[in-house]
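A short worksheet on the structure shown next.
Labels run A, B and C following the written order; every chain starts at residue 1.
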């Protein structure tokens, strides 16, 4: 299937651009050896580290070595993670915590949180959008409109804080944070799901309104079909394309939302790792986390594009140009 | 037969001129009645929610612009004796703090007003800069087409499929936070949104007759783009601009929370939430109030943008512009 | 009975069962909407009826309210947002006052509708088989397989070749004429008594138009259905309708049997329409175009709406709205001078 191949090629190029950006931008901060050991380190220690990490080689060669490592699943090593009490000599020889392990350990929790948040938001948003489109300008429509606008206007981490104050501190119904059984996920998922809920509901509503005004809906009514079938089968399938597009976009934004929500709730996901790396100025972990997230997002975009072809029979995989 | 009949029933000649005049008047002027500003204004005033949103934004703008004169206290004046005063409390010295004081005894209302200045202006400046960049590139790409369009649109596609806040985070990690760096980062991340819309609107317009006419008359490309294309896409771009301001205000809060915002002691809404977080159990207002300010501002912007879009939409506008009917049930 | 209808369709205009009670009659139907420029009246006090097995033509330019009226009858336009008054009697019961649920039961079962742009009226993302069979499956509780068999049967009836292999096709794979056939099959699924065809051939090529009209006549005859044919093409009506209603600007201009309408048109608008129609039997004479354009609904002229374009107009026409008056049995017109015009034409 040439379209799929071409589309996958685009994804690969995108990934390479991100890798290059992360690598070269990372070098702009300054000498990695000084970043790692601190400005107070002795010249000999710095020199030794540079030699061990190959930092004296030409930049382009280092770049290719970095990309080569990535291909083999090597994201580099962290010199901060778990090394708080370790003497500088220990990692002179290039030893350290492999970033890949750190990232892989955190990824499932983030996927879990994202799946719960997006799944819940999507289900609720589709119902809200359809209801609003079925009764345009009714109180349901107004309620959905205001609710969805409100949920895209809220700062997610602030919502998280408010939820903690309300449900954990004052009411004591749910834990303030952490990771464990199923009820730990409720508050973070609520905070994280607010934005996709609003966006998807809005897009569903307007796409459904557009579809409900089309002649085929009048024809379906004239046939004597019950209204619920017209909405849930006839209109929803055609409204699917904008809804899938916005869901894909929201999934991308969900990842960034997760950074803050995970921090607020102490959720041990990749976003939390990222913020730790920011605070520790731990460049390898930061780069690794960003690359992991970017890969995830690019794969999701690819999947979204493939979903289109299912929804729209006119778009076949081979013929889709733009 | 027709001749005979026509001759017989030919209208009275004296009537004809008035009838012709009637025809003229009917089909030239009255045929397509225009939507005047009165109709829009009436629709705005009858839509209470949007009206409140507009009024709220005006109040916000005034209190942000006039923070220096209107704020009851110096936002950075520390008063350790009166820390964590809840809203509506009076100090021993007789100072009234409408929204309480923070962990250093600074007046929350005054800080909110000065914070509004920072947060709203970052949102506006970011949206203006990214709008200028994006619209310029978008119009040129849509009008000139060819290789330039290919390159620009590939770039836009690529950038839009990445999590923008994450990239912003990394860039700020490298270049450091602060007011102007935030605006810079927002510009380079959000221009793609404007670019995509400007290009698609230009593509719709460039084939229309009045553009061809302008070209035939010898207008330069620059003039066509500036004078003929740009004015015709003001409405959708204004809607997008409003939405972008809301998004950037939210983004500023997130980045400030992570420590990349304006530097202390200056206030921004995001920084106020971040610093209030440690006292969330004891002083709820420190987190709640700035978050509420962001929420209400963004909500008002979104409501206004939604209303503008609905009203300027040629398909659905009539639903919004039609005055609501009084309940009269006499006819079935 | 078949022989009888056969004979009737051959001699168009000569009805057999004049005395039969109508199966549907519309009485004083008005439909209005609110717009930013104030209320408009899309359909104004329209009355007609249709008998079993009859073909009724509804003629008018676009914007004359013919589609709006029929969509109201079908229940596709409902009271809020529209203002609806009058009655639509089906078996003596007013369907406009029925609750929504009950009206939905009528659609498909008692009356069905086909639309102008068949491609747009078919769902682009569902297969033809699904769209034809779904009503049968849902309303009659048939199994999926039984419903698909029914769909094949219907597709055969509307002469879609190799029906079974096309069940899985999508509308965009069909030509315009084929889409219209699919529409007709869809409408026939529940055996309706009345079929409303809203400009069924306007969007089609001339040769295909012919085939679709023949097909409609054929299914009407086979099933003893009543057909309401909406069109702006007098030629189409002339060929297959028994009676016709001429609409102008939301009001009825004239209603008559086809023979009366062609022999003694009594409303200036009908006359003008006939003069604008090319005829094989007439002398080669310049076709007369109707001057001006129909009014927009928000600016209907005072008095008679046709006045600005009328060659017979008198000062009285601007002041007084002409009411529909009976001129003869089954022949009414809404013009102050209807009798005079009718006399003129019948002398000829």
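To be clear about the criterion, a residue touches a chain if its C-beta (ideal position, glycine included) is under 8 Å from a C-beta of that chain, and two chains touch if they have at least 3 such contacts.
In this text the structure is predicted, and so the values were computed from the model without any measurement.
Two chain pairs, A-C and A-B, are compared here, and A-B has more C-beta pairs in contact (counted per touch definition above). Nearest to the overall CA centre, using the mean of each chain's CA atoms, is chain B.
Separating the centre of chain B from that of chain C, both taken as means of CA atoms, is a distance of 48 Å. Averaging C-alpha coordinates per chain places the centre of chain A 55 Å away from that of chain C.
Averaging C-alpha coordinates per chain places the centre of chain A 26 Å away from that of chain B. For chain C in complex with chain A, the residues that touch the partner chain are 71, 74-76, 104-109, 112-115, 117, 120-126, 134-135, 138-139, 170, 172, 183, 186-187, 189-190.
Of all residues in chain A, only 214-216, 218-227, 229, 233-234, 237-238, 240, 311-314 touch chain C in the complex they form. Within the complex, the chain A residues that touch chain B are 14, 17-18, 22, 25-26, 28-29, 136-137, 142, 145-146, 149-150, 152-159, 161-162, 164-165, 169, 209, 213, 252-253, 255-256, 259-260, 264, 274-275, 278, 286, 290, 293-294, 297-298, 301.
By the touch rule above, chain B contacts chain A in their complex via residues 49, 158, 161-166, 169-171, 173-174, 246, 250, 253-254, 257-259, 270, 273, 277, 280-281, 284, 287-288, 291, 294-296, 298-299, 301-303, 306, 315-316, 319.
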